[in-house]
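So, here's a batch of structures to check.
Heads up, the next two complexes both have subunit A, just with different partners, subunit B and then subunit C.
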Partner chain A sequence: MRLEIHNISKSFGQLKANDHISFTFEGGRIYAILGENGAGKSTLMKILSGYQSATSGQIIIDGKPAQINSPHHAIAHGIGMLYQDPLDFAPLTVLENYIEGKPFNFFMRRREAEADLLARCKILGFSLNPNAMVESLTVGERQQLEIVRLLSLGVRILILDEPTTGISAEQKSQLFQTLKNLAREQNMIVILVSHKLADVEELCEEVLVLRRGRLVGHRLLPCETDILVEMMFGKRISTTTPQPLYTDKPILKIHKLSVPARLFTIQNLDLEVREGEVIGLAGLDGSGQVEFMRTVAGLGRPTWADQLTAIIALAGMWWVFGKILDESSAVLNLARIAILILVLGPMLKTLYSYIRQRANNDQDAQIMLNGKSIGWRGYRDLLERGIAYLAAGRLEEGLVAGLTLVDHSALADRSSLPHVNWLQAWRRTKQAITDFSIKGQPFSQIQTLSGGNQQRVSLSLLPTNLRLILLENPTRGLDVESAGHIWSLLLNRRKQGTAIIFSSPDLDEIIDYSDRILVFSSGQTTLVENPEQMTTARLGELIGGKS
Partner chain B sequence: MTAFRKILIQISRNTVLGILPLLVGILVALAAILLILNNENVELRAVYDLIYERTLSLPENRANVVDFWLPILLCCCGLLLTFTAGLWNIGIEGQITMGAVGATSIALFVELPRNEQIFTELFMAGAAGGTWALFTGIMRTRGGVNEIFGGVAMNFLASSFSSYLLVAPWSPPNATGSATVRFPANAILPSMDDYRLSPITIYITLTAFIFVLLTLSGSRWGLQLRAMGKNEKSAQMLGVPTERNIWLAMLICGIMAGLAGGHLVLFRRANLPANVSGGIGFLSLLVVLLASIRVRWVPFVSFAFALLYSAGLPLRTRLQLDASLIGIFLGILVFCVLIFDGVRQRLKERVEQRKLLAASGGEKSPPPSTVEIQIGQEASSGSGSN
Partner chain C sequence: MDPVLTSTLADIVRNAAPLLIASQGELITERAGVVNLSLDGTILLAAMAAFAVTYNTGSLGMGIVVAMLIGMLVALIVISASVFLKLNQIAVGFVLTLLCADLSTFFGRKYSGQQGTEIPYAPIPILEDIPVIGEVFFQHNILIYFSLLLVIFIWLWTYHTRLGLSLRGLGEHPAAAYVRGTRVQAWRFVYVAAGGALVGLAGATYSLSVKLGWREGSTLGNGWIALAIVIFGGWRPFRIAFGAYFIVGLRALALYFQQEDVLNLPIQIINMTPWVLMLVTLIFVTSGLAESLLVLVPPRWRPAAQNLLRAKPPAALGSNFERS
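Showing the complex of A and B:
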């Protein structure tokens, strides 16, 4: 197996995302592609996997030129890509996902496919239940499914984009062993795209470094981490361990809180958060960290007022539709009943989630901020009281694609004036660009900014007088430099007494920045008081349920 | 390239992207209509003459078109608010109906001095339409019922309720239940001396349009609605009171629709007929969609539809066209405009995607003379070492 790329270039207008990149990948070896955000790694991988076509250049596979215009073409040439968030279909079963993308047959031939799936899983050492719903799997299991699926499609060149995000240490070592076996035993080419240098050093044999769209370095591993960092950024990046700044004054008290999560329900959670403290939440994806933070932030929990309204509306609609059913027209009645179901269905669903949530929680369950119960208040109310939440999906739940930085500034402004003072909003934006080192213009649309800059904008929009910031994976998809900058901005907030609770799939990040760690495992939580004495391996064990 | 030239190029590109597909759509539709008319042995010139004669030639005809246009524009103003906030207020038909019912309840059963009478009727029309829309909004935010389903249900309820009123309590003696009795003269909206136009409706519509224009172009609330329309969750995270805004947008839209319903019964008909809205709610939805939710386009698009609808009846009778043909012509026009609007959106998305990719694809590459710092083995032309 041999993959050659010759002078691959990709331009977007005047910008060159890839600039004459040439390299030869040999079968049986594992390569890493490193580079800071915007270095051109993703563009190069998208070109190889058929999501984008190169402006110029040539791809040669086993000595033959390959024309790759779509992911379908790429798979036909034996190139497959495993994404950070696997591209699977959550509401379908493992087997149905496995069958997807196979050469078209009118009938699915389930038995044949199931036998094939199980045989492949056995070879790779995976344990997947063909009838399990994909939405019930962990990210690690979904990655396993995607690898098996790609291999069944004849993929010989496997590209992996940040594959260790969201999986446990145990799952990671299993994945790495599988990849090593695939490279050695089946002479495959494995290409890893990652920001995590530790992963690269553990798995890969060679590393390529991209900067500003160019291939600026190639090294055999092992090699010193500092050299790799310098190749990536063109300078040395120093990291400092944050000093604790917390006081003994508690600002948030949680008592006997139960939180239903995707995999488990967290029961009777007790936690006290101190002023200026940083608490990291560790656990497998779906173990309840995000749900816990959202509950504290007042997001996604139905209030009693919602239910009262739903019940009144439900009863009213039932009565009115009962009155208007027309005995003479069956078709009309059917249409009315259909509408009734469409209207009543969501109401019943909301009612059910409310009853479930209340039933799970003890009567004494309480969340107290600065000594006062925050009850069952909504997010906006809690934001006024000093609790803010930043979700991992910056453009899905945080920033509004299509609006400019100035628009965002105007939206986040708490002024009571009916009109927008655009001049003031523009000045505030300019100030934020300077203070938060945002690479963008006041009238840049938010989606045109890089992930790191979007996160900086999110932080700049938070009110200044916050008591608690809850963050879901705050450095998701950011390189070392950007992640460091985001953390320095966050840690600065502690000086005003703001506490921080964050979740992250990166155990190193949790250990480095937390004053205490709350571990979520199989519906149970464990509080680690001394993170400085914690190792990723030990934390991984705690997540896995080993006490 | 000078900045002025750049701006000119940008403006011309936006104009081409914005208007050209729409014009092409209209031309294609006209060509298709021409073909059908040719098949029916009707001269295009005769059609044009008739449309002109029955809509724009005489002041009375022009007034008739405007009278048809005003309630559509009023509904469109309300819909602009809800659509901007991402709320598909399909229930506008029901809101018009309830507005008409509200106005009728005062016109038939309350007797006040003229000014108070008119004010109370319009107040009831707005209140009934607003309340009806607010129900849908509450169901959306508190019950999790999509406003489309909620709106359809409320339309059913409104039409059933209005039919029930016409059949039973409000039915005139010895009547078939198709309409109430004619309202007393005191209850009917005053008309202009020269033309059959209601000055009150003109003032209301003008006020509504200016309010919506100012709200959506410069107000804090307009910006909040725009953000909600693009991403409600993110807007909420930025501290926008999304629930309050949904209720308010629905309420104001309902009030405007209710007032439009009030105009239909208090001026055009002078009684409450069955199917009072006559589809102007759905027509308004179409207008706002065709105008791509742009406030400035709405008066023109809605006027064009008012013109075509006003000309529909004479076209049928004078040129002896099949009744369904007028509907077909309108359908073709809408279909073509929508298709080419889709093309326009796609072109726009492509341009934006290119811009987005350009911005995220990497930094501007340095000039070739720049020497890259290369650490380690030979780069750029390196090969896998084996």
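Showing the complex of A and C:
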């Protein structure tokens, strides 16, 4: 197995995403492609996998020039790619996903395909339920399905784009083991695209570094991390451990809180957050870190507004039906009963879950902000009181695609005036662009910015006088430099006494930045007081439930 | 069984046929990820065209073919505008609805109220003699039988063939379909054209059988009903069929109540019932209330029941696919 690329170039208008890249990949080895965001890694991989075609250049597989015009062609040539956002069909079953894309038959041949799938899973050590819906799978399982599927199509060159984003440590080590076996035993070429140096050092044997579309370096691993970083960014980046800035003054007290999460229900969580403190939440995806933060932020739990809306809706419909219908009619009573069930049902459900939650918690479970219970307050109310939350899905939950930076600034404005002060919004945006060094113009649409710049905009939109910021995976998809910048912005906030709670799948990030770590494991939480003495291995054990 | 009831059921099967055909056509269109909102106008125009062509040539076959071609043409305008001009499918569909309705009035003036030909009654031998079922299902004309077979065919196609699997993928995640070797745009054109042809056929079914003849705006509103049925049916062939029969059944019931005057309610209220019930069902299914009632279902059947209650539109519905 041998894959040669000769002078691959790709331009988008003026921008040269790939500039005469040449390299030879040998079978049985695992390669890493490193580079900061926008260095051209993804473009090169999309060219190899046929999703995009190169402007010029040649791809040669085992000495024969290969014409790759579509992903389908690429697979026929033995090149398969695992995309960062899984390209699968969420509402279809695992088996249906496996069948789609196989050589054509008129009928589905489910039984045949199921046996095939199970046999291949067994060899690789994966356990996938063929009849489960793909949307119910974790990201790691969806990757496993893609890998099995690609291998069944005869793929000999496997490209993985950021495969460790969003999967658990356990799934990661299983994935890496599988990849090593594939390379070693089946002489396959494995190419990992990543910006996580730790992953690259753990898995790969050779590393290629891209910068601004050019291949700027090739090293055999192991290799000094600093050298790789310097090649990636063209300069040295010093990471300093932040100095703790917390005081003894508690700002948030959580007492015996229970939070239902996707995998487990967290029981009896006690936590005291101090002024200026950084708390990292570690745990498997879906163990309740996000649910916990959303609960504290006033999202995802019944608020007074919800109950009030339901009551008003009920009263309104009751009145309307009373007007329309004759009192003696049987239909009237049926309709009223239907409304009762429909409106009161969900309402009683939330009320019941609230009461059950209270009952489980000895009546006094509560979240106290500055000594006052936050009760049934909603997000907006809590934002006024100094709690903010940033979700990991920046464009899904935090920002509005299609709106400009100035629009966002205007939207975040809390003034009670009925009109929009565009001049002020524009000034604030200009200020934010300099203060947060955002690469973008006041009137650029938010989705045209890179992930790191989007996150900077999100941070710039938060009110200045916050008591607590909750962040779900604040550096998702960011390279080392952008992540460092985001963290320095966040850590600066501590000077006013703002506390930070964040979750991250990256254990190194949690250990580096946290003053304390809260570990979520099977519904239990453990507080780690001194993370400086913590290693990723030990933290992984805690997450896995070993104490 | 009561002969009145049997004949009512037979009427329901007959009257629901065009709705059934149109909504199955829209089903495959939407499953491919395209919204053809022009149904109401297309059905009107196709109904008019089918009647006019049959009236002038005397050939029922010609009338049906022309109606299907018109449906196909309108649908192809929707997808072409989306693919080549990057126009919004909803906007184009809506404009075409209005345009087609007006075109049908304009071209249909001289055919209004004329005596036309009907698709011949063709009971199926042997099957028609089965008590009740024979009369309900097997004493109709060929278009009505087609509507019944169509549901089964579309169900088999989408759930039991590889092309049907691709179709489902097309509307869910076109990029994923593309990396699996499906020609996204080409297949979208195929399914949209086929769906449009079925919508045209629904028009022909009205003017040549169910609502014999042509009058201005004679089928007005039925296209919207077909669109609503697709949503009500959760984009599934059999649930859509159930929806079509349910709506037509309620209308028959409304007519009966009106004639007999048993309920002492204004007729408008009875006419509204199907829509209110549809809304209630949608709230029931999408609010999660139905899911919480799943506890009552034995665990073994729970996934199946859950699947039955799902009412999610194809994720890529109305979007345009571009390689980036």
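Everything that follows uses one rule, which is that the second predicted complex is superposed on the first by the 443 of 547 C-alpha atoms of A that agree within 3 Å, B and C clash if a C-alpha of one lies under 4 Å from a C-alpha of the other, contacts with A are read in each partner's own complex, and residues count from 1 in each chain.
Definition applied: contacts are C-beta pairs under 8 Å (C-beta built on N, C-alpha and C of every residue); 3 or more make two chains touch, one makes a residue touch a chain.
As the structure is a computational prediction, the values presented were derived from the model and not from experiment.
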{"item": "First (subunit B), second (subunit C), both or neither touched by A:Gly125", "value": "neither"}
{"item": "Touched partner set for A:Pro222, first subunit B, second subunit C, both or neither", "value": "neither"}
{"item": "Which superposed partner A:Pro65 touches (first subunit B, second subunit C, both, neither)", "value": "neither"}
{"item": "Touching partner for A:Gly101 - first (subunit B), second (subunit C), both, neither", "value": "second"}
{"item": "Partner chain in contact with A:Leu15 - subunit B first, subunit C second, else both or neither", "value": "first"}
{"item": "Touching partner for A:Gly154 - first (subunit B), second (subunit C), both, neither", "value": "neither"}
{"item": "Partner with the higher number of touched subunit A residues, subunit C or subunit B", "value": "B"}
{"item": "Partner chain(s) touched by A:Phe89 [first = subunit B, second = subunit C, both, neither]", "value": "second"}
{"item": "First (subunit B), second (subunit C), both or neither touched by A:Leu342", "value": "both"}
{"item": "Overlap of subunit C and subunit B interfaces on subunit A (superposed complexes)", "value": "324, 342, 346, 349"}
{"item": "Residue ranges of subunit B in contact with subunit A within the complex", "value": "135, 138-139, 142-146, 149-150, 152-153, 156-157, 160, 164, 218-221, 223-224, 226-227, 230-231, 233-241, 243, 354-366, 372-386"}
{"item": "Interfacial residue positions of subunit A with respect to subunit B in the complex", "value": "10, 12-26, 29, 31, 38-40, 43, 206, 208-209, 211-220, 223, 227, 230-231, 234, 305-306, 309-310, 313-314, 317, 320, 324, 336, 339-340, 342-343, 346-347, 349-350, 378-380, 383, 389-391, 395-403, 407-408, 410-412, 414-415, 417-420, 444, 447-450, 461"}
{"item": "Subunit C residues touching subunit A - in the complex, by the definition given at the top", "value": "160-163, 165-166, 168-169, 172-173, 175-181, 263-265, 269, 276, 280, 283-284, 287-289, 292, 303, 310, 312, 315, 323"}
{"item": "Sites on subunit A touched by subunit C in the complex", "value": "49, 51-52, 70-72, 75, 81, 83, 87-92, 96, 99-101, 104-108, 131, 324-326, 329, 331, 335, 338, 342, 345-346, 349"}
